[in-house]
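Each of the next two complexes has subunit A plus one other chain: subunit B in the first, subunit C in the second.
On to the complex of A and B.
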């Protein structure tokens, strides 16, 4: 009986109900009846092809970051630097895309942007990885602090004409890059009314490949061993430093690729706040999924839906979108707190 | 007067019965020894008395009143003091500061009383980290006695002590008992029991195998401990159990040139001084060399220098002519150097992963399908063969290491290191620690067989008897230096080594 009550799925469901009730209370506080609020939320999540498409795009960005987080986490490393890696990946992706000629075909342009984004994010994360492997510096601290540096790199790139800023023609020229050439933009998938792009396919593919590598290859098992016991892994001849740097580089690479995808999605420019905190939300998705790639996809989808539903909640029902963030945060707190409880039950 | 009475105490973990209906009666004014092999339930019993675990069934009473502590704090409040094998002192603080952490009033007066009554003086102003282990143990006992407990429980207190320090500890136990206190001494060393105990209780497999014993001779106790007559006991096991009479291995002539050579190895301590100082060591093929010594005299660092976990500040490690001083662990393995680390759970294996992975983690490249995927099936069937060959008792190759007993974990680690081809040298640190008699026998047999097959073997152990029975030569580690080699079969070797262990010149 008690074992059933402590089951993670049950706990998750209770947490979701509690968080949803809190959300409805907040909506009521903003003067909106629960029925209207729920209607607006659902409308924003899945009400139109546009809503579905943008929810999927958001979910895909989160899933890419969370899949990377899971790789590093398997090696015992907590990557808190998704946001910075995403910014740097956006910068390198944009730089590569803008360097291409206007008439570049899509089968060259898109991979170039994605690979450049991956490389940028991977290099950014490798700084923390090398510091960890060579000097033992905590990756939690270094990746966290590199977020701010990454955001600075982004700001510099879009403000300096010598870097990526579009040619300044008047005082009103925005600090952002010129639009990417058409061949470097992510193609839409599905219907013309839906903004869903190739990133959705990429995210699902990335989750599948990560799951396969972690579960069924020697590399996955080595990462797991390093995550459990670096000392024993070193004794047994594994390249612990290489695996740690590699794990963190893949995490950064996937976040960087997500950044490049964001730049290659409408309006196809690199702007200072193109991320809107995806790096941190992706980290939360990764933490909640606790190593399961199925959970990564499911939670990323839930968060993607909630984010877009929240925007519509504000537009249609007049409830501040921040109330959805409150619900998300509450969900995280409840699940994190219940982990202690479920673990106690298992003992 | 009955100090502690335990009736029908049981503790189950899942399907495992760690304690099964244990009865125990401890009289005030006596030293009561609780004996048993590793895994007999001694530690579980200690934890139950100390309040750090709740028994599944049974009752306890302390001086006639019901006693059911739910946490250590309640045990302390009831007047029970525990001294565990691992010290609970803050090593960066001084002794006085450590004692003040207890927040007992009138510290100076209490300390004076302890010094008067039991001769337990401690250096109050010294930092704990700088003290020898024997003195730290004394501080630990003073700490336990400060609250003037009615019952003192010592869990394997002599594991890390040298012979002289053990003597002092046993004398203290005797004095506390003579003074009217009740002392429970938990141990697996028969030699100590005979010297200090009034009464003994023997545990085997979680049950009481003998209680109220006053005939404390080894002949009487061994069959109760291991469940078979003492004559069966291999001489080396007698060494492990701390019996005084040890049969040493016959002296053999080693005429081959050394294959493992350590030259002038030094490792400096971060705060100055040496962890290892100018260590030289040569081992020939087929030879077993033991490193004796009280723990913490450089043995750990010596093994780390061999395993590659530590690069020495000076000196060279050569195996069959190849310089391995700075080689990676993988390179060492390829050169035929097998290492059984001291700390099984930290370095020896990954407890969360399965047996097959622990056997083949360094050789995953050999188990592939379609070039990229891991062939778990092939790996597991290879592991099954190893499990059978080495008599490892495991639910299967896919069972996590942590599901195995300590002895079987050690067999897995040893099987992995012995599988090197060729095995040129095997270095084993504390290979029998925490193992029951059967496993000790198997592990030592494997080590001997490796030497017979031509490997140079280095064994680090704090069990002197075990080393004498196993090794050709024994060197003693003391404060980072190694003594001259002593031939194990030479007359008086035991006394000579025991002296060297505490730093006295023989």
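On to the complex of A and C.
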């Protein structure tokens, strides 16, 4: 009985109910009846093929970042830098995509953009990885700081014509890049009315591969060993520095690839704030999932649904979208607070 | 030229005031081992409550009191989560910020609909001193909250330094909770006090933003100033006076952003915005001077470890 009460799924359900009640109160505060609010929320989550598609896209971005986070986490590193890696990956992905000729075929264009994004994010994370390995600087602090520098790199890239800004023809020219050539855009999958793109497949594949590598390969075992005790691993002859830098680089790479995917999704341009803070949300998904890739996919899906439901809540029911942000963060805080009980149950 | 320089300096000091307040508290909290990323949320909530209080009561001082209470409330949540419940400090910090952003944006939709200006603080120039060229307007022509910011930062930097028992106790808790506990220090109490102190100063900093700078509340008015306060502590290598210096420097870097076009200088704004983070990165990685974070930073305390 006690064990069941302490089960993470039960605790999560209770947290969800509490957060949902708070959400209904907020909707009521804005003068919307609970029934209308719930209708609008569900409509925005899964009501139409369009809603399902965009929810899945958001979930996939979060899942990619969280899957990468899990790799570094296995090596005992907390990657707080998803947001910066996402930004830099978006910049390198866009740069590669824009360098391609207009008529590039999709089987060349899409991989080029994705690989460029992965490389950009991985390089960005490696700065923190190298500082950790060479100088022992806490990766929590360096990745946190690199978020802001990464956002600066993005802002610089979209504001300077010498970099990625589209040619300025009038005062109304927005500070963003030119659109990617058609061959560099992520292809749509599934129903014609749904905006779901290849990123959904990529995210599931990434989670699968990460799960397999961590559980069934020597590399996974080595990463786990470093995570448990870097000193003992070093004595066993493992390349601790290499594993730490590598783990963080994969985390950054997946976040960077997610950034490249965002750029290669409609409207196919690199703009400031294209990340929508997904880097931070992805970090929260990764931390809540506590190393389980199944949990990564489930929590990412939940967050994707909530985000898109919230947008519709504002459009259709006139409830400020901020109230969904409140519900979402309440949910996370409740789960984070309750971990002390679920952890005891696990022991 | 000297007019522009004067402009940059006084703008810098004005922008540094909320940073100083917030990072003065944040420094104490980080020394005690709690990485308060929620300082951004505390400031934002403080700014909102300050503006709401000033609007309802029509008094700026009452607004400041509201901001103080609001900052303390967010800090209490953070303290319960990270000290008593030992929840992950990074998750709770970032999420508390999201909660504050959501809640204040929601509240602003309902409360501040007419966009009118609020009761606020005006500058109080000190008669003779503000006439000093160059630094006079910067240091001696601030609002009451601005002077308070400097007073609080100086008091905390001195009063909680290692010269005194309290400062030593804070550092002991931040380095190694178990040893501190064995020495009889009230670890949880000290951490609670440190986080609540941050809430108080961050609330005041929020009030400074809303009531001294613009006399209004806008969505996400802090826009990362709270994170910048955390960064100032890192750049200051967890020492008081370097942190104060970092705040002042960050303020000037921000002011430069507005002043550079006036002197016909084309410096891309993103470069100036990024400077503080690069400096902090260099400082923390030991590339300029030695730096060491409190070893118990983000480590929760449990007696049966």
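Just so it is clear, the second predicted complex is superposed on the first by the 343 of 347 C-alpha atoms of A that agree within 3 Å, B and C clash if a C-alpha of one lies under 4 Å from a C-alpha of the other, contacts with A are read in each partner's own complex, and residues count from 1 in each chain.
Everything below uses one rule, namely that a contact is a pair of C-beta atoms (placed from the backbone, for glycine too) under 8 Å apart; a residue touches a chain by one contact, two chains touch by 3 or more.
Please read these numbers as outputs of a predicted model, since none were measured by experiment.
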{"item": "Superposed partners subunit B and subunit C on subunit A - clash or fit", "value": "fit"}
{"item": "In the superposition, subunit B vs subunit C on subunit A residues touched", "value": "C"}
{"item": "Apex subunit A: angle to the C-alpha centres of subunit B and subunit C, given in degrees as a multiple of 10", "value": "70"}
{"item": "Which superposed partner A:228 touches (first subunit B, second subunit C, both, neither)", "value": "first"}
{"item": "Partner chain in contact with A:191 - subunit B first, subunit C second, else both or neither", "value": "neither"}
{"item": "Touched partner set for A:332, first subunit B, second subunit C, both or neither", "value": "second"}
{"item": "Which superposed partner A:140 touches (first subunit B, second subunit C, both, neither)", "value": "second"}
{"item": "First (subunit B), second (subunit C), both or neither touched by A:173", "value": "neither"}
{"item": "Partner chain(s) touched by A:217 [first = subunit B, second = subunit C, both, neither]", "value": "first"}
{"item": "Partner chain in contact with A:238 - subunit B first, subunit C second, else both or neither", "value": "first"}
{"item": "Contacts of A:159 with subunit B and subunit C, given as first, second, both or neither", "value": "second"}
{"item": "Subunit C versus subunit B - closest C-alpha approach in the superposed model, Å", "value": "6"}
{"item": "Shared contact residues on subunit A - subunit B and subunit C", "value": "none"}
{"item": "Subunit C-touching residues of subunit A, taken from the complex the two chains share", "value": "26, 29-30, 78, 80, 131, 135, 137-138, 140-142, 144-146, 148-149, 152-153, 155-156, 159-160, 280, 283-284, 287-288, 320, 322-326, 328-330, 332-333, 336-337, 339-340"}
{"item": "Residues on subunit C engaged by subunit A in the complex (per definition of touch)", "value": "35, 77, 80-81, 85-88, 90-92, 94-96, 98-99, 101-103, 105-106, 109-110, 224, 227, 230-231, 234, 268-271, 273-274, 277-278, 280-281, 284-286, 293, 297-298"}
{"item": "Subunit A contact footprint on subunit B (complex, rising order)", "value": "307-309, 328-330, 333, 339, 341, 346-353, 357, 361-362, 364-365, 367-368, 372-374"}
{"item": "Subunit B-facing residues of subunit A, complex", "value": "216-218, 220-222, 224-225, 228-229, 231-239"}
